[in-house]
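Handing you a structure now.
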Amino acid sequence: MFSVTVRDHIMVAHSFRGEVFGPAQRLHGATFVVDASFSRPDLDADGIVVDIGLATDQLKAVLGELNYRNLDDEPAFAGTNTTTEVLARTIADRLADAVASGALGAGAHGLTGITVTLHESHVAWAAYERSLPGGTGGGAA
Amino acid sequence: MFSVTVRDHIMVAHSFRGEVFGPAQRLHGATFVVDASFSRPDLDADGIVVDIGLATDQLKAVLGELNYRNLDDEPAFAGTNTTTEVLARTIADRLADAVASGALGAGAHGLTGITVTLHESHVAWAAYERSLPGGTGGGAA
Amino acid sequence: MFSVTVRDHIMVAHSFRGEVFGPAQRLHGATFVVDASFSRPDLDADGIVVDIGLATDQLKAVLGELNYRNLDDEPAFAGTNTTTEVLARTIADRLADAVASGALGAGAHGLTGITVTLHESHVAWAAYERSLPGGTGGGAA
Amino acid sequence: MFSVTVRDHIMVAHSFRGEVFGPAQRLHGATFVVDASFSRPDLDADGIVVDIGLATDQLKAVLGELNYRNLDDEPAFAGTNTTTEVLARTIADRLADAVASGALGAGAHGLTGITVTLHESHVAWAAYERSLPGGTGGGAA
Amino acid sequence: MFSVTVRDHIMVAHSFRGEVFGPAQRLHGATFVVDASFSRPDLDADGIVVDIGLATDQLKAVLGELNYRNLDDEPAFAGTNTTTEVLARTIADRLADAVASGALGAGAHGLTGITVTLHESHVAWAAYERSLPGGTGGGAA
Amino acid sequence: MFSVTVRDHIMVAHSFRGEVFGPAQRLHGATFVVDASFSRPDLDADGIVVDIGLATDQLKAVLGELNYRNLDDEPAFAGTNTTTEVLARTIADRLADAVASGALGAGAHGLTGITVTLHESHVAWAAYERSLPGGTGGGAA
């Protein structure tokens, strides 16, 4: 299995509902350093997993919809805690949509999995790994 | 599959038996930067993998039994080389016990896997990945 | 010159006033990974720059007054942009007060400089370096 | 599953053929920081995955055949784009040959998987994961 | 003293003349992860060292003249070894020119120093620190 | 001012005397990731601060006298706490001796400063900066 990963980041405000979150129930914020991994069992004819330029651009586009915002005000997350885990899934699903739409190039249809990792600090991070339609699943190492 | 990882560290002395260890047969020491990853296929009702506060506390508690010690003197490791691999398994198993005991909260019973990675330097690390009873296995990405 | 540095972090919300800030004029947030460096020309009788346990505790105490908050609502910052630079100075000055108050131990009176670095992402950070009263200045390496 | 990872690096020149590579079609270069992970389900009698000294030496030997070279001139890559993905597979396959030849020690025959990750910058990396003959597959976390 | 640092990278080919360089006399390459630090004794009216957006843009512009190239073919370096040290100075000097030209904004005229650090691998880096005309010197921490 | 830094590491056991050290009075250990920075105001005729190959070799030689040892048993440290700060000074002084002896090459006589940083974990490090005889002082950034 091959994978390619690109890194970018967002800076957002949000708050959580639920006693389990303790002081994070207050409005606070985070920088999420985001790693998006794309995987597939074989390389394409150019010897790549995905066009890394397009992957970088699409990750930036997906993150651009979240960046420099208060996520408590975003309709897409109404009634949902925007935990690191939830954001990882949201970003992975939106990247999967971008793959399906052709935005990562024709070769990207060979992709079988996406893993998105969000680093919220030097001591905590979360990841979500999913398969892609048409792929047989299996995320990046 | 979702995962959440928290990081902490220990500083220990130890020595190894066996020619394969070369100069590490002498009493020496290590800082192990420890990453504990908890995984599960779905999020709980709060939108999380595990209470990250409890996960951090329990990792600190497990590491507290090892920290600032000469592992050669610890009865739990009598007759065993405390290699990075062995320590990763020990920490993972003790965290699994903590999950089973309820110390990571009721929601943690949905966890299916734990991976523990010990970084012994900037150029070497080891990991151990295990499933949890009741879970279907599968470690973190 | 010797220095000792300890690392911790905060997660805050804020917004900026001024066209120079572009989209960061919106309410957003950041994780700041904070490095506090303490420096002095000579070591004390124990062979240390500062009691690293007290330094860690005092950094946590200073950060605790900022953590999990919307800085736009903090009276201490009324009328001030809480830029990474401003926060670095605030944290350094509060640590300097802690040194003066004796909270870092009697030996800490030999400290001559403090440098605080705030990492706002994997691609941007800011630092503030200051001398301590009684010290001759000189920041950390 | 256990894994052990060692890190080293190479500094190479190369160019790519194919419009997808944009400006990287020009002769340029890269530092690849290389992580080689060895995995197996159980530890050997010494409590290790692999002799880390031999693993480090063999990784250095494999990288020595690539280091400080223009990969466009290497016969082994004639007609092939030396993408990060292709190099990850090449290094993993050569390490697998080293395992088979006994160069990582007799205990290394218990290895079941190798994953090689090449970091080409602070914002991009690629990995290749493969099973080993006699092993049941499954790479490192 | 305050500083702000931004990070970007280049991927270049080159070779060195001189026996001291050993195998690096061959055509090879490197990824240089580049940290550009801007410093000044006081903040401007917005509470910043420099417009971080402009600093990021100008660093990218300066690096764009070097990126994805064989530096042996660049007239600017004719007769000069493009060592990490030389490249750090070149980038710092070009950023100083950008400051002087107003490309980092009017506020940037308060800058007194620039430090550029080039990381060539996980185990080696070089830096060049210089003052700015009109400034009293003093680089970033 | 220019600097070049190389990184290596040691794994040692030790204990401390003094109540300030708390649990670190027990025999424990540490991995120290060691950064040795060499600085000078101008480059030599080859365009370098120091022969990076010799610098790497000499750092390894100096560290080899400490590595895989219990520092409590080393005569050189009798009656001295081998704190991170003390070890940083010891390593810097031994590197200064190596420079004076010619072990870093003839060009190294232009060096004016050495800074040694020891990372004891992901959240703590210490540094010692010194001038070199014949040099005018001033350590690396």
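Order as written gives the chain letters A, B, C, D, E and F; numbering starts at 1 within each chain.
Everything below uses one rule, namely that a residue touches a chain if its C-beta (ideal position, glycine included) is under 8 Å from a C-beta of that chain, and two chains touch if they have at least 3 such contacts.
A quick note: this is a predicted structure, and the numbers were derived from the prediction, not measured.
Taking B-F and A-D together, the pair of chains sharing more C-beta contacts is B-F. Looking for a copy of the E-F interface in D-E, C-E or B-F, one arrives at C-E, which has over half of the same contact pairs by residue number. The most distant chain from chain C, with centres taken as the mean of CA atoms, is D. At the interface between chain D and chain E, two copies of one sequence, more than half of the residue numbers in use are shared by both copies. The distance from the centre of chain B to the centre of chain D, with each centre set as the mean of the Cα atoms, comes to 26 Å. Rounded to a whole number, the gap between the C-alpha centres of chain A and chain C is 31 angstrom. Counting only residues that touch two or more partner chains, chain A has 7, 122-123, 140-141.
Partner chain D is touched in their complex by these residues of chain B: 16, 18, 20-22, 37, 80-86, 88-89, 115, 117, 122-129, 139-141. Residue ranges on chain B touching chain F, taken from their complex, read 7, 9, 11-14, 23-24, 26-33, 67-70, 120-123. Only residues 1-8, 43, 46-49, 51-53, 56, 105, 107, 140-141 of chain B touch chain A when the two sit together in their complex.
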